[in-house]
Amino acid sequence: MNKSNKNRAPLDYIPPDIACAADYEALAQAFIPADILAYIAGGSGHDITQRSNQAAFQHWAMTPRILADLKDANTALQLLGQRFQHPIFMAPVAYQSLVHPQGELDTARAAEATDSCMLTSTLSSVTLEQIATRADPARWFQLYFQTRPEDTSALVHRAIAAGYQAIVVTLDAAVQAPGIRAIRAGFQLPDSVKAANLIHQHPDVPIPRNGQSAIFNHYRQHAPSLQQLQQLISESQVPVIIKGVMHPEDAQQLKALGAAGIIVSNHGGRSLDGAPASLSVLADIRQAIGDDFPLLFDSGIRSGSDVFKAIALGADAVLIGRLQLYSLSVAGALGVAHMIKLLREELELCMAMTGCASLAAIRATALQPTLSGY
Amino acid sequence: MNKSNKNRAPLDYIPPDIACAADYEALAQAFIPADILAYIAGGSGHDITQRSNQAAFQHWAMTPRILADLKDANTALQLLGQRFQHPIFMAPVAYQSLVHPQGELDTARAAEATDSCMLTSTLSSVTLEQIATRADPARWFQLYFQTRPEDTSALVHRAIAAGYQAIVVTLDAAVQAPGIRAIRAGFQLPDSVKAANLIHQHPDVPIPRNGQSAIFNHYRQHAPSLQQLQQLISESQVPVIIKGVMHPEDAQQLKALGAAGIIVSNHGGRSLDGAPASLSVLADIRQAIGDDFPLLFDSGIRSGSDVFKAIALGADAVLIGRLQLYSLSVAGALGVAHMIKLLREELELCMAMTGCASLAAIRATALQPTLSGY
Amino acid sequence: MNKSNKNRAPLDYIPPDIACAADYEALAQAFIPADILAYIAGGSGHDITQRSNQAAFQHWAMTPRILADLKDANTALQLLGQRFQHPIFMAPVAYQSLVHPQGELDTARAAEATDSCMLTSTLSSVTLEQIATRADPARWFQLYFQTRPEDTSALVHRAIAAGYQAIVVTLDAAVQAPGIRAIRAGFQLPDSVKAANLIHQHPDVPIPRNGQSAIFNHYRQHAPSLQQLQQLISESQVPVIIKGVMHPEDAQQLKALGAAGIIVSNHGGRSLDGAPASLSVLADIRQAIGDDFPLLFDSGIRSGSDVFKAIALGADAVLIGRLQLYSLSVAGALGVAHMIKLLREELELCMAMTGCASLAAIRATALQPTLSGY
Amino acid sequence: MNKSNKNRAPLDYIPPDIACAADYEALAQAFIPADILAYIAGGSGHDITQRSNQAAFQHWAMTPRILADLKDANTALQLLGQRFQHPIFMAPVAYQSLVHPQGELDTARAAEATDSCMLTSTLSSVTLEQIATRADPARWFQLYFQTRPEDTSALVHRAIAAGYQAIVVTLDAAVQAPGIRAIRAGFQLPDSVKAANLIHQHPDVPIPRNGQSAIFNHYRQHAPSLQQLQQLISESQVPVIIKGVMHPEDAQQLKALGAAGIIVSNHGGRSLDGAPASLSVLADIRQAIGDDFPLLFDSGIRSGSDVFKAIALGADAVLIGRLQLYSLSVAGALGVAHMIKLLREELELCMAMTGCASLAAIRATALQPTLSGY
């Protein structure tokens, strides 16, 4: 892959040739260097799960209805005590400076402008405080447990101090599966992009003893114990949500532990290659935790009809990951805001044509399996 | 896309290289400018439903029978008090002057010549009266509700005065989903092509208030209320048929409201992209409304075997949309008449080989699912 | 298509580059003119059924067994009082002079040499008597009912006089669906190739009255009535087998009428395009007529494993159609004999590896559905 | 195919561009001459089973779990009284000198270095004794029954004398189906490569009588009778395992005969072309023989997730065939050891992400069928 590949500078206007939110993916090819694009677009391993995440949506069709009353139709929702105009949130995407000089700052401005909720990553390339002071979106903080407990606590305290309204603990990334596409492209994090929130941490990393499995060792260092998780939940001043849930029993156990909600996600296909599509486990997990427990969905969404289908299968709201980066690379805050606006309009179009006047009506709508994924 | 793309003038003879009705689709590529073709051939969104409409037919096979008595075999049917020689009708296609200078006038001549029934669109490019005076096919009028009730009433009165024998209300197009293919091709309705029936209408369109959803607002302006629909049905001097039905409960509700019949259709994939294939909902809808309620089918038909399958799954008759425009573009009235003749012969061939002496015998025939869509 | 396409003269030796029976199909491309090849290789319509005939075999896998006793393993069978060394018969293929100057004469020599049974077509390009005098294979005569009953009777009497041991009535071709591939290739029967058995017939063909369906009329002229069929069966001195059966009820009715056996076939995809694969209806038909009623299978066989699968699903023997013509075009009688020998060895290999010592053991073997047609 | 195709000499270092074990397959194309590669990569017949072996893994997804305790996670297992660090064994691959001058000697060194178990083939290109004296891996001996019983006995005695800890009898290769790919590539065993263990055997091969089936005759010569098999089992000083089992009843019968274990395998698609994927019969066979009977799996494994899935469906351990040759061709012992190491790490990654702390935990894990093989 060509790292010195010439790529276009971000636009300061909305590109005219965008006909739908998904178009940002194609357009971004010109704005993101090839090695970085391989890292972003690819999943872990051979992208099997990454591809199946998107394909899963094609196994469902939405049934048109023509006699509905849409007088008061809207996309609003209530979640964890907050009211949102629509269910399209910004997934916690790391290192956003990789694709735009303003990085997470522009994403935050777009989230504010479009009434979205921003999930700031532990691995953000500007600090969580900068994000909170430069823009004022609804915001939650995504937490990776750190090797030293005191580092984890410090992150939580900083987030709450900066006005983050919830903690989102990601549990599906204790070990990292390499992405073959990124490896082949020679991707490495450039020196100019850093995990800004973690810049003063220098934990001692224990060296594995001879014969020990490097992988199991790594897991033991980076996965919190159940006790650590429970302590965080019980001591937190804000709701704690768990991200990376793919099994009904895990969902039930987390609910029992006191989690305020869960996010069904396979990390956009960046965790276990060979995991099922997130969409394919969604309905069973909603069934397991009951209708009222907060449940968000992540992985594979590229259109308003995808949002519709995730909600119909049980999600309260959805997170947008790759499209966020693609639109950011093309036109910064403007691009991200435009992408969110398009997704919302696409969702509204599906609602109007299926006779759904509310997100609750979508949830009550039966999708229809397609004959063969179209 | 190349709008100034050289395209062939319509022929005044039947093209010699047509081996089946579907061949008009390929041949039309040379007769229709690229941007207009994108608009006609494409569906809404990414053509997902448009493609699945056609693919759905491949999931069914017809079982040959060899011992039937075909002495009195024929394709005739009785519908809404009218007798038709065959079940192949002309779908209400808008703006037919886009592909041939004679537009709907030639389609009407072809319908008359082939004993077909023509459904004239509200958006025809010549007036409904011209169509009725220049040719005398069996004819029904397709109605879009207008923003002002008096405009809707006027259309209905004009249609009845001009001898239209039924009103077909389309309900699946209150909001219009853009077609990505047409957008990319830069399609716009040329100044020379107008909605001839609506030329004197100048309704005041209310401006949405700030923050209101443009899509839900648009829906509210263009979808009739249940009361308006019921009033039309009860006051009409001719049968009122509803087009765009995709759900068994909508079909039942329309029957209860007094509709004279329904048309199962997803608008040829031009309404909700991501809707199921029309064929895939047909049997359930027929089941829901009973054997005797008039039910027509629309979306995806390209051959006589497609007609056979739609009838076997519950349709009384079918509407031909895109093939109508394709054959019109190639050879005007001659082309359309030839296309209808070919479809009818293809249907008769299927009937002979499956031992069906009547449309009723087709309905009683069990199709066989194919292993994998062939 | 290029009719004057240079093609190779038939070989007088077995081609060295044949690794399996199916290889004759690829090799034949060089020996058969393009227009004739289009006619032979294609099915009716768009070849949908022709393709599905072959694809259907891929939906079944054969399960290996490793502990069987194969001491007396063989492929012999008893059918209609005749004993055959193997179940691979020659389908009644018309006009074989199209691909080799010796036509059916060479096919007959190959059938004799390989202990196969030859089904001679009514439309053979040399007379049924010549076939019987130049070679002496086991042979059955395939009968198309003629417009005049006396012509039909004459054919039957000639066949019996010439030593044909059974009459095979084809019932699935009363109307002929055109093959799009052959039409596009401009195929027409050359003047030099004639239906040698029918050369003195000049029936008056009634002209359809205005408005009558040409297709239904044609059917009425060429399909025998049930009475005619029953008369043939009851008066015949040799067993009468019916070819073209695709429905269990037709099979049962034919058994009740006194037919000596049936051939499950969709005419190699040359009759109703859109019919199911012959293989997909085989098991139900066997089930309907019981284990002991003679049942042959035709359509799609290209290998010994295909033969194995057809037998496992209920066939007593199988007919080879297109491979017969392909091998004939490449190397005349030698080619056909080689092809039959290869098929038989391929079948024996499958039997050895699945532990089947006889055709009856194959029938008792459960095939296993593949996950997705491989 | 080009036999004189220039190919690279084996490396004496681990190639830097390997991102996963499966990458050795692509890299090996440059190291193995084309005709030999066709022989190795291809299966029997048209590679239908060979391809389906790999495709079958894609029909299953692994469900991520996030709350497991992996404190004592490991990949160890106990089998036939031996303890192994991991379940990834070396399949008995014949004639390894075809791809590397050191052949099986290097494979043995790699097995020793990675704590794998090596299954030495009867058809090894260096003698079983050389393998045992040059390296000291855990090792089992794969046995083909010879035409003369005394030759079979001699092989068994030599193997036991050389420290082989089990006898693995292959029963699915009594007749050999030719591989079309290898035939077309003109593959023949070079004079320089010999079955080193059999070099002094000169059995009289009986000539088939006229009219006898060559295939059934060959089978009778090379397949042991049940009595021969039972005698071997009862007299053997080491456990006897049977390889090539694809049917639950065969597995049960072998268990009853006293076999110490079985290997579910279709010979990597090199035996019956058209057999099901080995993976697709695995669960039923495990079910038939009970949880505790030793069962290994072979055919199609290319990654640690494949290993995981085979274990989840019932295998105790797995055999690696083609990857063994591919990595051997690229970098000899180093390559093979690296490949095994990568497979093991890939397996550990799957275990960590699915919350499995042991192979027993994998077995208890429910896989999830994918919607359409991804």
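By written order: A, B, C and D. Residues from 1 in each chain.
Just so we're on the same page, a residue touches a chain if its C-beta (ideal position, glycine included) is under 8 Å from a C-beta of that chain, and two chains touch if they have at least 3 such contacts.
Owing to the predicted nature of the structure, the values given are computational and were not obtained by experimental measurement.
A.B. asks: If we look at subunit A and subunit D, which chains touch each of them?
C.D. replies: none
A.B. asks: Have a look at where subunit C meets subunit D and say same if over half of the interface residue numbers show up on both copies, different if under half do.
C.D. replies: Mostly different residues: under half of the interface numbers shared.
A.B. asks: What is the distance, in whole Å, between the centres of subunit B and subunit D, each centre taken as the mean of its C-alpha atoms?
C.D. replies: Spacing between the chain centres: roughly 60 Å.
A.B. asks: Calculate how many whole Å lie between the centre of subunit B and the centre of subunit C, each centre taken as the average of the chain's C-alpha atoms.
C.D. replies: Each chain's C-alpha centroid was found; their separation is 42 Å.
A.B. asks: Find every residue in subunit B that makes contact with two or more other chains and list them.
C.D. replies: Correct list: 372.
A.B. asks: Would you pull the subunit C residues touching subunit D in the complex into a rising list?
C.D. replies: Listed in rising order, the residues of subunit C that touch subunit D are 19-20, 58, 61-67, 69-71, 73-75, 305, 345, 348-354, 368, 370-372, 374.
A.B. asks: How about subunit C: which of its residues touch subunit B in the complex?
C.D. replies: 45-46, 48-49, 51-52, 55-56, 59, 171-172, 174-175, 177-178, 180, 183-184, 213-216, 219-220, 223, 225-226, 242, 244-247, 250, 253-254, 266, 271-277, 280-281, 372-373
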